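Report on one structure; see the data block that follows.
Order of writing sets the labels: A, B, C, D and E. Residues in every chain begin at 1.
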Amino acid sequence: MIKGRVKGKIWSSRHVDTLPGGALLEVEIDGGDRLIAFDPLGCDTEEAVLVTQGSVAAAYFIDRTDRTAPVDALIVGSIDETSGK
Amino acid sequence: MIKGRVKGKIWSSRHVDTLPGGALLEVEIDGGDRLIAFDPLGCDTEEAVLVTQGSVAAAYFIDRTDRTAPVDALIVGSIDETSGK
Amino acid sequence: MIKGRVKGKIWSSRHVDTLPGGALLEVEIDGGDRLIAFDPLGCDTEEAVLVTQGSVAAAYFIDRTDRTAPVDALIVGSIDETSGK
Amino acid sequence: MIKGRVKGKIWSSRHVDTLPGGALLEVEIDGGDRLIAFDPLGCDTEEAVLVTQGSVAAAYFIDRTDRTAPVDALIVGSIDETSGK
Amino acid sequence: MIKGRVKGKIWSSRHVDTLPGGALLEVEIDGGDRLIAFDPLGCDTEEAVLVTQGSVAAAYFIDRTDRTAPVDALIVGSIDETSGK
(Lines give C-alpha, C1' and ligand atoms only; values in the text may rest on other atoms or scores of the structure.)
Protein backbone atom coordinates (compact mmCIF):
# COMPACT_ATOMS: atom_id res chain seq x y z
CA MET A 1 0.00 0.00 0.00
CA ILE A 2 1.06 3.61 -0.11
CA LYS A 3 0.62 6.51 2.30
CA GLY A 4 -0.99 9.68 1.09
CA ARG A 5 -2.85 12.79 2.15
CA VAL A 6 -6.33 13.76 0.98
CA LYS A 7 -6.22 16.98 -1.07
CA GLY A 8 -9.72 17.29 -2.50
CA LYS A 9 -12.63 15.63 -4.19
CA ILE A 10 -13.72 15.17 -7.78
CA TRP A 11 -17.16 14.98 -9.33
CA SER A 12 -18.10 13.06 -12.44
CA SER A 13 -21.73 13.16 -13.54
CA ARG A 14 -21.05 11.45 -16.89
CA HIS A 15 -19.44 8.09 -16.12
CA VAL A 16 -19.63 4.39 -16.96
CA ASP A 17 -22.62 2.83 -15.22
CA THR A 18 -20.52 0.39 -13.21
CA LEU A 19 -18.64 3.16 -11.38
CA PRO A 20 -19.91 2.81 -7.80
CA GLY A 21 -21.60 5.75 -6.11
CA GLY A 22 -19.45 7.31 -3.40
CA ALA A 23 -16.64 9.77 -2.84
CA LEU A 24 -13.70 9.96 -5.24
CA LEU A 25 -10.86 11.70 -3.43
CA GLU A 26 -7.66 13.19 -4.80
CA VAL A 27 -4.75 11.86 -2.75
CA GLU A 28 -1.17 13.17 -2.81
CA ILE A 29 1.48 10.51 -2.39
CA ASP A 30 4.87 11.19 -0.79
CA GLY A 31 6.95 12.60 -3.64
CA GLY A 32 4.12 14.68 -5.04
CA ASP A 33 2.28 12.37 -7.44
CA ARG A 34 -1.49 12.33 -7.16
CA LEU A 35 -4.12 9.68 -7.71
CA ILE A 36 -7.88 9.42 -7.37
CA ALA A 37 -9.09 6.82 -4.85
CA PHE A 38 -12.54 5.61 -3.86
CA ASP A 39 -13.23 6.45 -0.22
CA PRO A 40 -15.54 4.14 1.75
CA LEU A 41 -14.54 5.75 5.10
CA GLY A 42 -15.62 9.41 4.81
CA CYS A 43 -12.14 10.94 5.07
CA ASP A 44 -11.51 14.67 5.40
CA THR A 45 -9.20 16.97 3.51
CA GLU A 46 -5.59 16.70 4.80
CA GLU A 47 -6.33 13.35 6.48
CA ALA A 48 -3.45 10.82 6.19
CA VAL A 49 -4.66 7.68 4.47
CA LEU A 50 -3.51 4.23 3.36
CA VAL A 51 -4.29 3.40 -0.30
CA THR A 52 -4.41 -0.01 -2.03
CA GLN A 53 -4.07 -0.14 -5.82
CA GLY A 54 -4.88 -2.41 -8.74
CA SER A 55 -7.21 -5.38 -8.97
CA VAL A 56 -6.99 -5.73 -5.19
CA ALA A 57 -8.95 -2.46 -4.89
CA ALA A 58 -11.65 -3.68 -7.29
CA ALA A 59 -12.04 -6.94 -5.34
CA TYR A 60 -13.43 -4.89 -2.44
CA PHE A 61 -16.54 -4.21 -4.52
CA ILE A 62 -17.00 -7.78 -5.76
CA ASP A 63 -17.31 -8.92 -2.13
CA ARG A 64 -19.95 -6.31 -1.42
CA THR A 65 -22.01 -6.08 -4.59
CA ASP A 66 -21.21 -9.27 -6.50
CA ARG A 67 -20.20 -7.23 -9.52
CA THR A 68 -16.88 -5.81 -10.58
CA ALA A 69 -16.22 -2.09 -10.33
CA PRO A 70 -13.78 -0.17 -12.55
CA VAL A 71 -11.91 1.17 -9.50
CA ASP A 72 -8.14 0.62 -9.20
CA ALA A 73 -7.43 2.65 -6.02
CA LEU A 74 -9.16 2.34 -2.65
CA ILE A 75 -8.63 4.08 0.68
CA VAL A 76 -8.40 1.13 3.11
CA GLY A 77 -7.57 3.01 6.29
CA SER A 78 -7.05 6.34 7.99
CA ILE A 79 -3.54 6.52 9.49
CA ASP A 80 -3.48 7.36 13.22
CA GLU A 81 0.19 7.29 13.84
CA THR A 82 3.53 6.28 12.35
CA SER A 83 6.53 5.09 14.34
CA GLY A 84 10.09 4.95 13.02
CA LYS A 85 12.04 7.32 10.86
CA MET B 1 -7.51 6.08 -10.87
CA ILE B 2 -5.63 8.95 -12.46
CA LYS B 3 -6.76 12.30 -13.86
CA GLY B 4 -5.83 13.21 -17.38
CA ARG B 5 -6.76 15.33 -20.35
CA VAL B 6 -7.71 14.03 -23.79
CA LYS B 7 -5.12 15.09 -26.39
CA GLY B 8 -6.11 13.16 -29.52
CA LYS B 9 -7.14 9.87 -31.01
CA ILE B 10 -5.32 6.98 -32.61
CA TRP B 11 -6.33 4.64 -35.41
CA SER B 12 -5.22 1.06 -35.82
CA SER B 13 -6.57 -0.89 -38.78
CA ARG B 14 -4.25 -3.87 -38.25
CA HIS B 15 -4.89 -5.17 -34.73
CA VAL B 16 -5.55 -8.36 -32.77
CA ASP B 17 -9.13 -9.51 -33.35
CA THR B 18 -10.10 -9.22 -29.68
CA LEU B 19 -9.42 -5.46 -29.56
CA PRO B 20 -12.93 -4.01 -29.12
CA GLY B 21 -14.27 -1.54 -31.67
CA GLY B 22 -14.46 2.00 -30.28
CA ALA B 23 -12.39 5.10 -29.70
CA LEU B 24 -8.79 4.86 -28.49
CA LEU B 25 -7.86 8.24 -27.03
CA GLU B 26 -4.46 9.63 -26.16
CA VAL B 27 -4.62 11.02 -22.61
CA GLU B 28 -2.00 13.22 -20.96
CA ILE B 29 -1.54 12.58 -17.26
CA ASP B 30 -0.47 15.29 -14.80
CA GLY B 31 3.32 15.34 -15.13
CA GLY B 32 3.30 14.90 -18.89
CA ASP B 33 3.22 11.13 -19.44
CA ARG B 34 0.73 9.87 -22.00
CA LEU B 35 -1.29 6.70 -22.32
CA ILE B 36 -3.90 5.33 -24.70
CA ALA B 37 -7.28 4.59 -23.13
CA PHE B 38 -10.47 3.06 -24.49
CA ASP B 39 -13.30 5.61 -24.37
CA PRO B 40 -16.87 4.34 -23.94
CA LEU B 41 -18.20 7.86 -23.23
CA GLY B 42 -17.50 9.87 -26.39
CA CYS B 43 -15.10 12.38 -24.83
CA ASP B 44 -13.80 15.43 -26.65
CA THR B 45 -10.28 16.76 -27.08
CA GLU B 46 -9.14 18.69 -23.96
CA GLU B 47 -11.86 17.06 -21.82
CA ALA B 48 -10.71 16.18 -18.27
CA VAL B 49 -11.16 12.47 -17.65
CA LEU B 50 -10.74 9.79 -15.00
CA VAL B 51 -8.79 6.71 -16.15
CA THR B 52 -8.67 3.22 -14.59
CA GLN B 53 -5.74 0.95 -15.45
CA GLY B 54 -4.79 -2.72 -15.48
CA SER B 55 -6.97 -5.81 -15.30
CA VAL B 56 -9.72 -3.68 -13.76
CA ALA B 57 -10.10 -1.92 -17.13
CA ALA B 58 -10.35 -5.23 -19.01
CA ALA B 59 -13.04 -6.49 -16.60
CA TYR B 60 -15.36 -3.79 -18.00
CA PHE B 61 -15.51 -5.72 -21.28
CA ILE B 62 -16.00 -9.15 -19.70
CA ASP B 63 -19.20 -7.87 -18.06
CA ARG B 64 -20.51 -6.58 -21.39
CA THR B 65 -19.35 -9.11 -23.96
CA ASP B 66 -18.47 -12.22 -21.97
CA ARG B 67 -15.01 -12.22 -23.48
CA THR B 68 -11.77 -10.65 -22.36
CA ALA B 69 -10.39 -7.64 -24.18
CA PRO B 70 -6.68 -6.74 -24.37
CA VAL B 71 -7.36 -3.27 -22.96
CA ASP B 72 -5.49 -2.07 -19.86
CA ALA B 73 -6.73 1.54 -19.66
CA LEU B 74 -10.35 2.74 -19.63
CA ILE B 75 -11.93 6.17 -19.34
CA VAL B 76 -14.49 5.66 -16.55
CA GLY B 77 -15.73 9.23 -16.18
CA SER B 78 -15.60 12.78 -17.40
CA ILE B 79 -14.54 15.12 -14.59
CA ASP B 80 -16.97 17.99 -13.91
CA GLU B 81 -15.21 19.68 -11.10
CA THR B 82 -12.43 19.29 -8.56
CA SER B 83 -12.46 20.77 -5.08
CA GLY B 84 -9.40 21.20 -2.89
CA LYS B 85 -5.87 22.25 -3.68
CA MET C 1 -2.16 0.99 -23.39
CA ILE C 2 1.03 2.74 -24.39
CA LYS C 3 2.42 3.83 -27.75
CA GLY C 4 5.85 2.67 -28.77
CA ARG C 5 8.14 2.02 -31.70
CA VAL C 6 9.68 -1.34 -32.60
CA LYS C 7 13.47 -1.20 -32.26
CA GLY C 8 14.56 -4.82 -32.68
CA LYS C 9 14.01 -8.44 -31.79
CA ILE C 10 15.36 -10.76 -29.16
CA TRP C 11 16.05 -14.49 -29.25
CA SER C 12 15.90 -16.85 -26.30
CA SER C 13 16.64 -20.51 -26.95
CA ARG C 14 16.73 -21.44 -23.25
CA HIS C 15 13.34 -20.45 -21.78
CA VAL C 16 10.50 -21.76 -19.62
CA ASP C 17 8.41 -24.24 -21.60
CA THR C 18 5.22 -22.17 -21.32
CA LEU C 19 6.73 -19.19 -23.20
CA PRO C 20 4.75 -19.19 -26.46
CA GLY C 21 6.60 -19.47 -29.76
CA GLY C 22 6.57 -16.23 -31.72
CA ALA C 23 8.37 -12.93 -32.06
CA LEU C 24 9.58 -11.03 -28.99
CA LEU C 25 10.14 -7.44 -30.03
CA GLU C 26 11.98 -4.67 -28.24
CA VAL C 27 9.74 -1.60 -28.13
CA GLU C 28 10.79 1.92 -27.17
CA ILE C 29 8.17 3.88 -25.30
CA ASP C 30 7.86 7.66 -25.52
CA GLY C 31 10.39 8.90 -22.97
CA GLY C 32 13.00 6.32 -23.88
CA ASP C 33 12.18 3.29 -21.69
CA ARG C 34 12.15 -0.07 -23.44
CA LEU C 35 10.17 -3.23 -22.94
CA ILE C 36 9.91 -6.61 -24.65
CA ALA C 37 6.47 -7.42 -26.09
CA PHE C 38 5.07 -10.50 -27.79
CA ASP C 39 4.08 -9.66 -31.36
CA PRO C 40 1.21 -11.61 -32.93
CA LEU C 41 0.98 -9.20 -35.89
CA GLY C 42 4.36 -9.46 -37.65
CA CYS C 43 5.44 -5.85 -37.08
CA ASP C 44 8.53 -4.33 -38.68
CA THR C 45 11.38 -2.35 -37.18
CA GLU C 46 10.41 1.31 -36.63
CA GLU C 47 6.67 0.47 -36.85
CA ALA C 48 4.50 2.43 -34.38
CA VAL C 49 2.60 0.02 -32.15
CA LEU C 50 0.07 -0.10 -29.32
CA VAL C 51 1.12 -2.25 -26.34
CA THR C 52 -1.04 -3.72 -23.55
CA GLN C 53 0.64 -4.76 -20.30
CA GLY C 54 0.09 -7.00 -17.30
CA SER C 55 -2.34 -9.88 -16.82
CA VAL C 56 -4.45 -8.46 -19.65
CA ALA C 57 -1.66 -9.40 -22.07
CA ALA C 58 -1.48 -12.96 -20.72
CA ALA C 59 -5.26 -13.38 -21.08
CA TYR C 60 -4.80 -13.17 -24.87
CA PHE C 61 -3.08 -16.57 -24.75
CA ILE C 62 -5.62 -18.23 -22.45
CA ASP C 63 -8.34 -17.50 -25.01
CA ARG C 64 -6.30 -19.09 -27.79
CA THR C 65 -4.51 -22.00 -26.15
CA ASP C 66 -6.40 -22.67 -22.94
CA ARG C 67 -3.20 -22.32 -20.97
CA THR C 68 -1.59 -19.34 -19.32
CA ALA C 69 1.54 -17.81 -20.83
CA PRO C 70 4.20 -15.93 -18.83
CA VAL C 71 3.85 -12.88 -21.10
CA ASP C 72 3.09 -9.46 -19.56
CA ALA C 73 3.31 -7.26 -22.68
CA LEU C 74 1.49 -7.74 -25.99
CA ILE C 75 1.40 -5.71 -29.19
CA VAL C 76 -2.34 -5.33 -29.83
CA GLY C 77 -2.26 -3.04 -32.84
CA SER C 78 -0.16 -1.24 -35.40
CA ILE C 79 -0.85 2.50 -35.27
CA ASP C 80 -1.91 4.04 -38.61
CA GLU C 81 -2.39 7.57 -37.57
CA THR C 82 -2.68 9.88 -34.58
CA SER C 83 -4.77 13.02 -34.44
CA GLY C 84 -4.41 15.78 -31.88
CA LYS C 85 -1.36 17.36 -30.33
CA MET D 1 9.97 -8.85 -5.81
CA ILE D 2 11.86 -5.90 -4.43
CA LYS D 3 14.38 -5.54 -1.60
CA GLY D 4 13.71 -3.05 1.13
CA ARG D 5 14.48 -2.11 4.69
CA VAL D 6 11.91 -1.77 7.48
CA LYS D 7 11.72 1.83 8.71
CA GLY D 8 8.70 1.87 11.02
CA LYS D 9 5.12 0.85 11.62
CA ILE D 10 1.77 2.48 11.03
CA TRP D 11 -1.47 2.25 12.96
CA SER D 12 -4.95 2.59 11.52
CA SER D 13 -7.88 2.22 13.89
CA ARG D 14 -10.47 3.36 11.31
CA HIS D 15 -10.19 1.00 8.34
CA VAL D 16 -12.27 -1.12 5.97
CA ASP D 17 -13.43 -4.28 7.74
CA THR D 18 -11.62 -6.61 5.35
CA LEU D 19 -8.16 -5.23 6.22
CA PRO D 20 -6.54 -8.16 8.04
CA GLY D 21 -5.29 -7.69 11.61
CA GLY D 22 -1.50 -7.65 11.81
CA ALA D 23 1.50 -5.39 11.42
CA LEU D 24 1.66 -2.81 8.64
CA LEU D 25 5.31 -1.84 8.18
CA GLU D 26 6.81 1.09 6.32
CA VAL D 27 9.53 -0.24 4.01
CA GLU D 28 12.12 1.84 2.18
CA ILE D 29 13.05 0.53 -1.24
CA ASP D 30 16.49 1.06 -2.80
CA GLY D 31 16.26 4.51 -4.35
CA GLY D 32 14.32 5.99 -1.45
CA ASP D 33 10.66 5.30 -2.26
CA ARG D 34 8.55 3.93 0.57
CA LEU D 35 5.60 1.58 0.70
CA ILE D 36 3.47 0.00 3.39
CA ALA D 37 3.56 -3.81 3.48
CA PHE D 38 1.73 -6.37 5.58
CA ASP D 39 4.20 -8.32 7.73
CA PRO D 40 3.34 -11.92 8.63
CA LEU D 41 6.90 -12.61 9.90
CA GLY D 42 7.38 -10.19 12.81
CA CYS D 43 10.22 -8.19 11.27
CA ASP D 44 12.22 -5.59 13.18
CA THR D 45 13.13 -2.04 12.30
CA GLU D 46 16.14 -1.91 9.92
CA GLU D 47 15.64 -5.57 8.93
CA ALA D 48 16.24 -6.26 5.20
CA VAL D 49 13.13 -7.75 3.64
CA LEU D 50 11.77 -9.11 0.37
CA VAL D 51 8.42 -7.61 -0.70
CA THR D 52 5.86 -8.95 -3.21
CA GLN D 53 3.34 -6.51 -4.72
CA GLY D 54 -0.04 -6.51 -6.42
CA SER D 55 -2.71 -9.19 -6.58
CA VAL D 56 -0.03 -11.77 -5.78
CA ALA D 57 0.19 -10.26 -2.27
CA ALA D 58 -3.58 -10.46 -1.78
CA ALA D 59 -3.64 -14.11 -2.87
CA TYR D 60 -1.66 -14.96 0.28
CA PHE D 61 -4.76 -14.12 2.33
CA ILE D 62 -7.24 -16.01 0.11
CA ASP D 63 -5.28 -19.22 0.77
CA ARG D 64 -5.40 -18.67 4.51
CA THR D 65 -8.81 -17.13 5.17
CA ASP D 66 -10.86 -17.90 2.07
CA ARG D 67 -11.61 -14.23 1.65
CA THR D 68 -9.84 -11.51 -0.26
CA ALA D 69 -7.90 -8.83 1.59
CA PRO D 70 -7.29 -5.29 0.30
CA VAL D 71 -3.51 -5.70 0.67
CA ASP D 72 -1.22 -5.11 -2.31
CA ALA D 73 2.20 -5.48 -0.63
CA LEU D 74 3.42 -8.39 1.50
CA ILE D 75 6.73 -9.12 3.19
CA VAL D 76 7.50 -12.67 1.99
CA GLY D 77 10.94 -13.10 3.49
CA SER D 78 13.68 -11.68 5.66
CA ILE D 79 16.93 -11.41 3.69
CA ASP D 80 19.92 -13.19 5.30
CA GLU D 81 22.54 -12.48 2.76
CA THR D 82 23.15 -11.20 -0.76
CA SER D 83 25.93 -12.33 -3.06
CA GLY D 84 27.08 -10.49 -6.16
CA LYS D 85 27.60 -6.82 -6.79
CA MET E 1 8.63 -8.24 -20.26
CA ILE E 2 11.83 -6.44 -19.44
CA LYS E 3 15.48 -7.20 -20.18
CA GLY E 4 17.94 -7.36 -17.33
CA ARG E 5 21.27 -8.75 -16.22
CA VAL E 6 21.79 -11.09 -13.26
CA LYS E 7 23.88 -9.40 -10.57
CA GLY E 8 23.70 -11.79 -7.62
CA LYS E 9 21.58 -14.02 -5.44
CA ILE E 10 19.75 -13.56 -2.19
CA TRP E 11 19.07 -15.99 0.63
CA SER E 12 16.06 -15.92 2.94
CA SER E 13 15.83 -18.61 5.60
CA ARG E 14 12.87 -16.98 7.39
CA HIS E 15 10.08 -16.66 4.82
CA VAL E 16 6.35 -17.29 4.33
CA ASP E 17 5.75 -21.01 3.81
CA THR E 18 4.28 -20.55 0.33
CA LEU E 19 7.51 -19.05 -1.08
CA PRO E 20 8.70 -21.76 -3.49
CA GLY E 21 12.15 -23.29 -3.01
CA GLY E 22 14.59 -22.22 -5.71
CA ALA E 23 16.95 -19.42 -6.65
CA LEU E 24 16.05 -15.78 -6.06
CA LEU E 25 18.27 -13.66 -8.26
CA GLU E 26 18.96 -9.94 -8.17
CA VAL E 27 18.47 -8.55 -11.68
CA GLU E 28 19.51 -5.10 -12.87
CA ILE E 29 17.17 -3.56 -15.40
CA ASP E 30 18.34 -1.13 -18.10
CA GLY E 31 18.40 2.22 -16.32
CA GLY E 32 19.82 0.80 -13.09
CA ASP E 33 16.77 -0.30 -11.08
CA ARG E 34 16.99 -3.73 -9.50
CA LEU E 35 14.43 -6.40 -8.72
CA ILE E 36 14.46 -9.91 -7.28
CA ALA E 37 13.18 -12.61 -9.64
CA PHE E 38 12.61 -16.33 -9.21
CA ASP E 39 14.89 -18.27 -11.54
CA PRO E 40 13.69 -21.66 -12.82
CA LEU E 41 16.49 -21.83 -15.43
CA GLY E 42 19.73 -21.84 -13.43
CA CYS E 43 21.09 -18.55 -14.77
CA ASP E 44 24.63 -17.31 -14.07
CA THR E 45 25.85 -13.96 -12.84
CA GLU E 46 26.03 -11.40 -15.70
CA GLU E 47 23.67 -13.50 -17.86
CA ALA E 48 21.15 -11.43 -19.87
CA VAL E 49 17.62 -12.47 -18.99
CA LEU E 50 13.99 -11.78 -19.82
CA VAL E 51 11.75 -11.10 -16.79
CA THR E 52 7.94 -11.24 -16.53
CA GLN E 53 6.25 -9.36 -13.67
CA GLY E 54 3.00 -9.34 -11.71
CA SER E 55 0.29 -11.97 -11.43
CA VAL E 56 1.53 -13.44 -14.71
CA ALA E 57 4.70 -14.54 -12.89
CA ALA E 58 2.69 -16.18 -10.08
CA ALA E 59 0.56 -18.09 -12.60
CA TYR E 60 3.68 -20.07 -13.57
CA PHE E 61 3.54 -21.76 -10.17
CA ILE E 62 -0.20 -22.46 -10.20
CA ASP E 63 0.26 -24.52 -13.37
CA ARG E 64 3.03 -26.56 -11.79
CA THR E 65 2.01 -26.96 -8.16
CA ASP E 66 -1.71 -26.18 -8.08
CA ARG E 67 -1.12 -23.55 -5.43
CA THR E 68 -0.40 -19.87 -5.67
CA ALA E 69 3.07 -18.54 -4.89
CA PRO E 70 3.82 -15.03 -3.60
CA VAL E 71 6.22 -14.38 -6.48
CA ASP E 72 5.71 -11.34 -8.73
CA ALA E 73 8.83 -11.59 -10.93
CA LEU E 74 10.00 -14.61 -12.93
CA ILE E 75 12.93 -15.17 -15.28
CA VAL E 76 11.24 -16.64 -18.36
CA GLY E 77 14.24 -16.84 -20.69
CA SER E 78 17.93 -16.35 -21.14
CA ILE E 79 18.61 -13.88 -23.96
CA ASP E 80 20.90 -15.21 -26.74
CA GLU E 81 20.95 -12.26 -29.00
CA THR E 82 19.30 -8.94 -29.75
CA SER E 83 18.91 -7.42 -33.19
CA GLY E 84 18.11 -3.81 -33.89
CA LYS E 85 19.35 -0.65 -32.26
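In this section, a contact is a pair of C-beta atoms (placed from the backbone, for glycine too) under 8 Å apart; a residue touches a chain by one contact, two chains touch by 3 or more.
No experiment lies behind these values; they were computed from the predicted model shown.
Peer 1: Going chain by chain, each one touching the next, work out the least steps from subunit C to subunit E.
Peer 2: Minimal hop count between subunit C and subunit E: 1.
Peer 1: What shortest step count links subunit B and subunit D in the network of chain contacts?
Peer 2: So the least number of steps between the two chains is 2.
Peer 1: Hey, what angle do you get rotating subunit C onto subunit D on C-alpha, to the nearest 5 degrees?
Peer 2: 145
Peer 1: Based only on mean CA positions, could you tell me how far subunit B sits from subunit C in angstrom?
Peer 2: Computed value for the inter-centroid distance: 19 Å.
Peer 1: What is the distance in Å between the mean C-alpha positions of subunit A and subunit C?
Peer 2: 31
Peer 1: In subunit A, which residues are in touch with two or more of the other chains?
Peer 2: 54-55, 57
Peer 1: From subunit A, moving on to its ring neighbour subunit B, which chains come in turn until the ring closes?
Peer 2: One full turn from subunit A through subunit B gives A, B, C, E, D.
Peer 1: Within the complex, which stretch of subunit D touches subunit A?
Peer 2: 6-16, 18-19, 24, 26, 33-37, 45, 54-55, 57-58, 67-73
Peer 1: Which residues of subunit D touch subunit E in the complex?
Peer 2: These residues of subunit D touch subunit E: 1-3, 30-31, 40-41, 50, 52-57, 59-60, 62-63, 74, 76-85.
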